Amino acid sequence: MRFFSDNTSTVCPEILEALHAANHGLACAYGDDEWTQRLDGTLSRFFSTEVRAFAVTTGTAANALALATLAPPYGAIFAHQEAHIACDECGAPSFFSGGAQLILLPGEHGRITPTTLEAALTGHRIDVHTVQPAALSLTQATELGTAYRAPDIAQLAALAHARGLKVHMDGARFANALEFLGCHPAEITWRAGVDVLSFGATKNGALAAEAVVFFDRTLVRDFELRRKRAGHLQSKSRYVAAQLLGYLESGVWQRNAQRTNRLAQRIGRAAGAALLHPVEGNEVFLKLGVPRRQQLRAAGFEFYDWGIESAGEARLVVSWDQPEDDVGALCGALARL
Amino acid sequence: MRFFSDNTSTVCPEILEALHAANHGLACAYGDDEWTQRLDGTLSRFFSTEVRAFAVTTGTAANALALATLAPPYGAIFAHQEAHIACDECGAPSFFSGGAQLILLPGEHGRITPTTLEAALTGHRIDVHTVQPAALSLTQATELGTAYRAPDIAQLAALAHARGLKVHMDGARFANALEFLGCHPAEITWRAGVDVLSFGATKNGALAAEAVVFFDRTLVRDFELRRKRAGHLQSKSRYVAAQLLGYLESGVWQRNAQRTNRLAQRIGRAAGAALLHPVEGNEVFLKLGVPRRQQLRAAGFEFYDWGIESAGEARLVVSWDQPEDDVGALCGALARL
Amino acid sequence: MRFFSDNTSTVCPEILEALHAANHGLACAYGDDEWTQRLDGTLSRFFSTEVRAFAVTTGTAANALALATLAPPYGAIFAHQEAHIACDECGAPSFFSGGAQLILLPGEHGRITPTTLEAALTGHRIDVHTVQPAALSLTQATELGTAYRAPDIAQLAALAHARGLKVHMDGARFANALEFLGCHPAEITWRAGVDVLSFGATKNGALAAEAVVFFDRTLVRDFELRRKRAGHLQSKSRYVAAQLLGYLESGVWQRNAQRTNRLAQRIGRAAGAALLHPVEGNEVFLKLGVPRRQQLRAAGFEFYDWGIESAGEARLVVSWDQPEDDVGALCGALARL
Amino acid sequence: MRFFSDNTSTVCPEILEALHAANHGLACAYGDDEWTQRLDGTLSRFFSTEVRAFAVTTGTAANALALATLAPPYGAIFAHQEAHIACDECGAPSFFSGGAQLILLPGEHGRITPTTLEAALTGHRIDVHTVQPAALSLTQATELGTAYRAPDIAQLAALAHARGLKVHMDGARFANALEFLGCHPAEITWRAGVDVLSFGATKNGALAAEAVVFFDRTLVRDFELRRKRAGHLQSKSRYVAAQLLGYLESGVWQRNAQRTNRLAQRIGRAAGAALLHPVEGNEVFLKLGVPRRQQLRAAGFEFYDWGIESAGEARLVVSWDQPEDDVGALCGALARL
């Protein structure tokens, strides 16, 4: 039973259906098709504000292209020390930006606190010898399966904006955070000060589709050229746009997030004291110790080790198509440990 | 009736079928799935030699990642002056390689001749002040719809290898060239000295799938890291691999190339004296003059202008799903001009 | 007798004197010294307009940093095909800018004509697939020893500005061109539309000093950060500034340029029909044919071959400290050939 | 009385003398001069092993070029969190390498311990999603004025080499560390496992001269091309080489380091309990508290604040030409505080 990652999931029927529906006639390439042209409108309605949105196929592309648009080569990007952009993208932000440097901040449960950010910004000497603070990148839901509350995002963004930084949000699991918080998408994005959002769909049911959503629309020409030269402008662009449209219009984003959040909550409750972080999305982190972790694996559950080897931590992720029985079995096994 | 580009085409039924067939069960992400694992074998059989093959979603990514693996930041890449990497990728090779420079060569019908290449290599001063010759990039079929013959490739590659350059082939329309030449894929690739091939499937019927095929397998570790940090490693990698497997295993690569080549030939014959280049793939280039070009457009045919405005040239591309009637109508219109 | 390059020359007494004069007391580092602080004023007076000026130690640094400030990573820089930035800097502009591409233009005697530039700008397709025209770089004096006249610069700059390009001038031998033209420095720079000038002093008598002079002062913050991270901000900055001050204030720039221009003219006259380009600076290009070139070398003259081997061309450069006798001997030898 | 930095110092008479001595005759440019040609020999003798050495004019250039030679764009460079390459070079290592990432390690008194390095290397997950460990960079003397002992360097280098990393040493103040340790230069470099050294001369009396010394000579061709395209190959190369030769051959490296170390020791003793780190070079770090720091400044002493504002720390650096009276006055003032 696989709890490796939501990337192991299949493509949702509604999204396959959207691919089929787009599969007729000769359509102009490179974004001049009717599906791509509808993206801005659909995402503007979703966020209740006018946005410009661009489709790419991976989260790394979405994040790194967005950050390259925000940060000059001599820029500094502030992020949590466990952020995907820091730990799992093989240096992509630096590659795309031409050398921008990440400044990594600690923070309980994967969240940066305003206090920590303020200290980091204040402590960052500004002269010609240092990289220049350019962007703050927040992950929603975080890498540890928690969600930032709207007022925290607003406070963090205000600190950033006060010093001229732009605010990026890595929303690879945005739907899960949104569903957990039960708020309007605007509240945790542009109303809270987010300038650019990587809006993920792949993990939550798409084949390969992420939108880079610009609330600050002044930046998009630079972005479009960077996307092209990075090989991230799809020639048959209708298919990636169609996935995003299908994801939003069918409501599958919500249905899938509700289900995975609910199942993750169930696992979290079964884990009891072993639970490391509040379950606010579709990920569960456990401190089992090495022997119990081995036991769990021997019982047929597949998942990734986490953190320092000796601590015996584990990460379990619920996919949108995770069989309900897998979760039942896992909860039983956790109870027995 | 659209003759803009083969990128306007839909996805071939066999390839949509392959996506469906892969759409079950939780599969490991980032290439550890059974489809991706079969890529090397399938492409090795296709080329009759052991290769390492990697899937990406765009031709620009395939070309630029391949070239970045071959050329250092201070490298020089020799290519035809109309090459896609020179004219249509917004500087991607320089971005991915960290600054490598293209040296552009003229050549009739989109082909570099051995004489031109030899003169360029001989004339390129080698000292610490100049970019260092690192790679030759050939396009097959060329940007002007022609195909290199095997002995010409072998001669060009030999010149390149003699001076320590690696040889890349941009095969965005490889199937069309192969089908036109009627030879074994090995003859125009590794047996002729090609080290790395961008093997395109998107234009010829896939959704978004190109394989980077390494005949020289020593280079792949570098490639894999560059692909990841460029955001071109797909998380749900099974779907891009499945497209490539479907493309090769169903024989659709050949069927589609045969059809588009045949229809392009028909257009070429109808064009008569207006034909600019031999039709050796699915593209037709015409010198109509501005008034006749306007007439053709007024008659309902959509295509791109080509070359210098005043010359009145046109490019017409046949898609795999081009209605036969479109071609009939076009031939009629050309005859009437 | 060496006519290799003006880079073979020694440091002029006035400039060594300036180094001595600066060599007392503890002075703040990295530009906060009194010499550096005087640079803007001195160069503003020289050019009769307010400029911001920055010292670096090499011409490659001056050119590439200036161009990186003008061109984004997806930018195109138009330059003569024999420009130093294209042929002799190992790809520096692309490195510093993060991938900008040079578009090389032909032109008699090393000069781009307005007609050629206009055709290149008009012919450059502008869409997301192409590098975006960002800068024009002119060399004054050119790589073939000629000088652009003020009206030509103005016409070229106007064409560039009309399309949103900035104008850079590579003035590694600016003093020689200025002296030849006998005009005010303003006439061939800002009044003609130049935005940034690489103002060379090294070849004309300094130890290692070039100023990047910004007539468009909005760009300098970006430049300063790029300079630092490229390792081109000198810690003991007073010494490079002192060279530039000494060069300008002592009038040595003019005296040396007058002398080398005069001697080069003399060689040009002695060369007669072998002269390839008008002598408008301190360089002389000859078409001797291979045998006569060998003879000249056998007679004890050292110089670089130029162009295609078989043409037997030669470049001879007069240094500020070239012994008068060398020139006399050379003229004699040329007359005898 | 200025204790800002050793970069505020003048040029040492012996080195000015070396410039004068080189200032005659036409010498080939770009390293083909007799002074540059003697660099390898002189530095080979100094280190008692065959090295290849290259002159540049700044420490940032030396460090970043050396690191770019050791680390691929997807490489990770391990360094102390207060290293110059991390805090004071505006992201230069990332720029020169095309994106390599610094992994910053804590460590008392500016030194990385083997335990810390081992944990960092062990904890660094190696797969395609992470930057690949490529180099360890040690600073000698450290940014906090301490020196690594030979066995510690050997142990750190062994850990690095065991995992395939190369070892770089930032020796901007190498002479001070060497003089303090009283050992042979080989003991703290190649015999301890250092592959490439940035050997500083500027702070210790030169005008602008640093040598990049390759103990691992396989890497130099890449370095030479990177140096040229970064604008760090001096045209009149004799003058930077002459500085380095003069620095080494006259013994000024040792005389100056002895003097500044001795004076720094004296200040350290006068500081008593305020001393933050052992004085093992020419830098003294004091914890004064904000009021006493103000008092010291009011008494006419100029220096940089250090660390967090509220802690009231100060850095005082002794220059080679620091008046003895400045130091006497400072010691008196410290005693009185």
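To keep things simple, chains are lettered A, B, C and D as they appear, and every chain counts its residues starting from 1.
Note that in this section a residue touches a chain if its C-beta (ideal position, glycine included) is under 8 Å from a C-beta of that chain, and two chains touch if they have at least 3 such contacts.
Keep in mind it's a predicted model, so treat the numbers as computed, not measured.
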**OP:** Give me the chains shared as neighbours by chain A and chain C.
**Re:** B, D
**OP:** Find the chain most remote from chain C, comparing centres computed as mean CA coordinates.
**Re:** A
Original post:
Cα centroid separation between chain A and chain D, in whole Å?
Top reply: 41
Subject >> Distance between the centres, which are taken as Cα means, of chain D and chain C, whole angstrom >> reply: 34
Original post:
Using the touch rule from the top of the page, what residues of chain C touch 2 or more other chains?
Top reply: 30, 73-74, 89-91, 95, 98-99, 128-129, 225, 228-229, 233
Subject >> Footprint of chain B on chain D - complex, ascending >> reply: 30, 72-74, 98-99, 128-129, 132, 222, 224-226, 228-229, 233
Subject >> Residues of chain C touching chain B in the complex >> reply: 73-74, 87-91, 94-95, 98-102, 123, 125, 128-131, 308
**OP:** Under the touch definition given earlier, write down the residues of chain B that touch chain A in their complex.
**Re:** 2, 4-5, 7-11, 16, 19-20, 23-30, 56-62, 64-65, 89-92, 95, 202-203, 207-208, 225, 228-236, 239-240, 319, 321-322
